[in-house]
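The structures considered in this document are given below.
In what comes next, subunit A is part of two complexes: it sits with subunit B in the first one and with subunit C in the second one.
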Partner chain A sequence: MTKRPFLGWFASPSILIAFGITASVLAIVQYSLRAHVPGSIDPGGFTLANFATLWHVAYGLVFLNSLLLCIWTALFALLIGYPLAYAMVRARSLSLRSAILLISLTPLFLGEIVRTYSWMIVLGNRGFLNSVLLQTGLIERPINLMFTMSGVVIALVHFTLPIVVVMLAAALSHIDRNLERAATSLGAGRIRVFLTVTLPLSIPGVVAATSTAFAWTFSAFATPQMIGGGQVQTISTMVYQVGFASFNFPLAASLSLMGLLFAVAVLAIFNTGMRQLERHGAH
Partner chain B sequence: MYKSFSDHLLDWAGRILLTLILGFLVLPFIVVFIASFNESAILSFPPQSWSTRWYVNAFEYRDFGNGLRNSLRVAAFGAGIALVAGAGFAYVFNRYDFAFKNTLNGILLSPLIIPNFTIGLGVLVLTAAASMPRNVWTVVAVHVIIVLPFVVRSVYVSLQNLERAYEQAAESLGGRPLHVLLTITLPLLLPGLVAGAIFAAILSFNEFTASLYVVSQRTETLPVAMYNYVREYADPTLAAMSVLYVAAVAALLLLVHKIFRLEKVLNVD
Partner chain C sequence: MLIDTAQASAQQTADAPAVRVEGVSKSFAGSVALEPISMRIERGEFLTLLGPSGCGKTTLLNLIAGFLEADQGELYIHDKPVTRVPPYQREIGIVFQNYALFPHMSVARNVGYGLRTRGVPKAEAERRVREALALVKLEDFADRRPRQLSGGQQQRVALARALVIRPRVLLLDEPFSALDRNLRAAMQVELREIQTSLGLTTVFVTHDQGEALSMSDRIAVMSRATIRQIGTPSEIYDHPQNHFVASFVGDANMFRATLLEAEGSDARLKLGETEARITSFQTDLPAPGPVTLFVRPEHCHLAEPGTPGTIPATVALSVYQGSHTELHVDCPLAEGGRAMLRVPSRTSVAPGEPLAIGLAESGAAVFGAED
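Entry: the complex of A and B
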């Protein structure tokens, strides 16, 4: 009898998948170093020309745009998600909790297309929002939200909100309520208890939720593509455009490779920064 | 408990804020619901006249039917494979130490950070470089990679909450490893496994970006078919399609919630 039953059998399928993931990433690295042969998906010889092409203001702006989109989306998702997660965890009535849970989580399982299309109908020039505002006389001309950064941010906040709420709710539900009760019994008001006890204790959850919101926004394609309509370029829309409009897969590969390194670097900087802040906060 | 005036004010402010936020979450779905019954092909609010013809159109549009069949097939195989591989990995990760354990874990969870468009492009150029054919199994492979981390997490949480004493009791009574696994461990893990599989299937059914890179016209999934429809037509057929989509997913979630309680599954209890 072996001491570790099933180890080989159980690990094998996942090892196979891990090889698949590694091979795909290596294929991107390989393609990023190859020359583009117009009209073919097969690349030419080895070159660094793709990275030289990316070293251009236009691509720099796309990276900057992606970063800004991620920052705005994460910020608003946190501001809106925190009260929602708080209400979900703290609501006394079970039916209210269930209702909040279902309403905030259903969008998580609806995918990008349905949600983005719905927002197109809300934000369009003949859409819901402009119709309501025009008919009530609040505005005279339609507000342009389609094909703008603001429109993309609104839809992306809606896209990332559910996962942010799940992560914040998980953090909030694991806070020891006795600490809040102790603060209350010592005479602190509700706002003060929240600001000095609950909020600081939930910071690890906030950090995790921010990282995830960032990663989701960075990965989003349908929303910037459909609502941005080519006017709001992100790394994801650019990779697709370079790949499927110009069929320049080597350049698309180097662009997504740089994008991946960029995202990992930003997340690493953010997490290190937050850890530093926490260490200082502890003193 | 005595409540001061400011406490009441805070309660009301909280309620209003909560209503506004929930309103923001449901607004697009209410709007798409109204739009789907708009008679005219051009949107207007409120609709001038009402009709259900876009629903008929959605049912009759061949690409949607084809996409739905492909999506169901890909979701079933993708979630099934991810469940077997993910549960197996979560089990050995939870129980044993072995060489490259953390490396393997890191690679399998990396799709949480690697954007879907990069995964799609990666598999596309991999199949091109290796001269492999791109068919429905390519799409399944992409989906397995993307949903695997969620299955691993779900099963891992169940394993951590598992009471080891039952297994130890069975072992001390002479139960052979396979017998213990099948009669004790597996039944205890079942809720976690089923929940993991359902979430994997829903995530796979929704996956769009990575699929866009690897599908052909024949293997196109439903989200890709819907995306292609918006690019070509502006009529409310897609609104009708979205309403059906939302209704199906909400019904499924309600069912999962009734059986498993979502707050338990998502660890927010």
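Entry: the complex of A and C
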């Protein structure tokens, strides 16, 4: 056994963070089991009533809506991010690679509020996008993007793109170029090489990127709140509404908790599914 | 379709070389990786590219494979220009140093890859995969994944995968350098047997001179982006044409000398204080002046110190090798100050003892300064 003298030092911050997260989750669990006292911020006695309240079609629809939002966002982020990542890893010119990296990382440098406001300016009925489309005569009436699912998805794709591109690029850059050369020498053209070698070998990266995009979207709040404007309900916006508009903290806590469990379950199913596909797909 | 045209043209030009390289060169961002090179590789020939690291072996191989585009020159495979033919249409089999097996496919799927891209019917493909695996003695491993195989087994899968498409040329880039000594020797024999039995044109890259000498029909010795000599192993070993080849392949003694006069292959040399006459294997000798005298250890013998025409030296180290003893001697006339000769094991010489190196009548050569 080799000695790793700094391991304790390096690990200590993560222990602190883990402690913080555990404490806050426990606090939420605790809140979710307390009764709501109307007109008071302090919770009442222990009860399971909050979870019973959540067992309702309206909340189910919000969960479903969140799921749909995540799926669309992850899908489009992947469709846009994969070619970008591929170009970034494979481009011969260094300046092109740097340019792609820089452009795909910009969303990270803007704050969430700034980014979302920018999208509101772009997506509005008299916003940038509609003005351009109207002016060029491509459309006759403005497309409704603000306060719609599509608008929220567009903004969230922008938000998740950096992490998707970076994770896919990492996965792609680890693929041995000789594998593609071997396939080429065996008679495979570019498309076939991509479909039979590059793509299958990048699946772990796709899974990781999709999971992350999924989790980011799931936890996004400002974007669905501001661009959705109350018309696009997600679990996060619902938690905010229940907690800070109705001041029903216990219900908000149980909603958060169910949301967390829901996200974990969806990701677990997705990961297992992809692993099965990987094992049996290309064998 | 591709294969049919390839075979048709193969019949038309049955005596054409498998590969013809004409003035092909390559630079990367201004630095020359390969000077213009011309050579022929005959059908069924096992040609080795031998040279130190960075001399351009992989570059030449990649040019033949089509992974790199030549700056100038033309490349012919079976007498058809292929310089602008993409690699997937060149009908070339390649084995990489790191095997490059598809990790997400079974051994059988790996080997069958090139058949699937060619649309070979399933039944025939399965049969050919089985045959290829039998050829490399891996019939029982068809369902394994590459990572479940040893290095040597992976190497054989890579070979089977390249062979199954019946390539016009097989290219191997240092295929055995990751294997241990014993396995390496076994794989060398196996590859040579398979190659001979299939009559397969093969270009093999190595920087191991022993491997090159033992396996090849011909060796192209490369250094600094050019081919310095191309010939059979014995031509390369016994009759090196220049200083680089002489010192890179096999053990060589190089002595500083002055060429006094030359007549045909006979040369009279001044070696320090003394003069010597040698018969070189070269047909044309350099102009009189400072030269390097090249003699292999087996063409040197122990002589009495002071004998005319011998080179004085003192024993530095004697290394017992079983069948013989290697005497490493300090010698002021030798390049690097050291020379080596092999003597029978019963000869007893102690370090520090003065001796003289006698030269055999043949087996020597003189290289001018520019060689």
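Please note the rule applied: the second predicted complex is superposed on the first by the 265 of 283 C-alpha atoms of A that agree within 3 Å, B and C clash if a C-alpha of one lies under 4 Å from a C-alpha of the other, contacts with A are read in each partner's own complex, and residues count from 1 in each chain.
In this text, a residue touches a chain if its C-beta (ideal position, glycine included) is under 8 Å from a C-beta of that chain, and two chains touch if they have at least 3 such contacts.
Fair warning: this is a prediction, and the values are worked out from it, not measured in the lab.
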Determine, under the contact definition given at the top, whether A:F109 touches first (subunit B), second (subunit C), both, or neither.
first
For the three-chain arrangement built by superposition, which of subunit B and subunit C touches the greater number of subunit A residues?
B
Just subunit B (first), just subunit C (second), both, or neither: which does A:L195 touch?
neither
Quick one: classify A:L68 as touching subunit B (first), subunit C (second), both or neither.
neither
Should A:L48 be classified as contacting the first partner (subunit B), the second (subunit C), both, or neither?
neither
Identify the partner contact of A:A11: answer first if only subunit B is touched, second if only subunit C is, both if each is, neither if none is.
first
May I ask you to decide whether A:A265 touches subunit B, subunit C, both, or neither, giving the answer as first, second, both or neither?
neither
From the superposed pair, tell me which subunit A residues show up as contacts to subunit B and also as contacts to subunit C.
189
Touch list for subunit C against partner subunit A, complex
2, 65, 67, 86-90, 92-94, 96, 98, 100-106, 109, 113-114, 117-118, 161-162, 165
Give every residue of subunit A touching subunit C within the complex, in rising order.
176, 178-179, 181-189, 192, 196-197, 200-201, 278, 282-283
Along subunit A, where are the residues that touch subunit B in the complex?
1, 4-7, 9-18, 20-25, 27-28, 30-31, 41-42, 80, 83-84, 87-89, 97-98, 100-107, 109-115, 117-122, 124, 126-128, 131-132, 158, 161, 166, 169-170, 173, 189-191, 215, 218-222, 226, 236, 239-240, 243, 249, 252-253, 256, 259-260, 263-264, 267
Which residues, counting only subunit B, touch subunit A once they are in their complex?
6-7, 10, 14, 17-18, 21-22, 24-29, 31-32, 34-35, 42-46, 81, 84-86, 88-89, 91-92, 96, 98, 104, 107-108, 110-119, 121-126, 128-129, 141, 144-145, 148, 177-178, 181, 202-203, 205-209, 212-213, 223, 226-227, 230, 238-239, 242, 245-246, 249-250, 252-254, 257, 262-263, 266-269
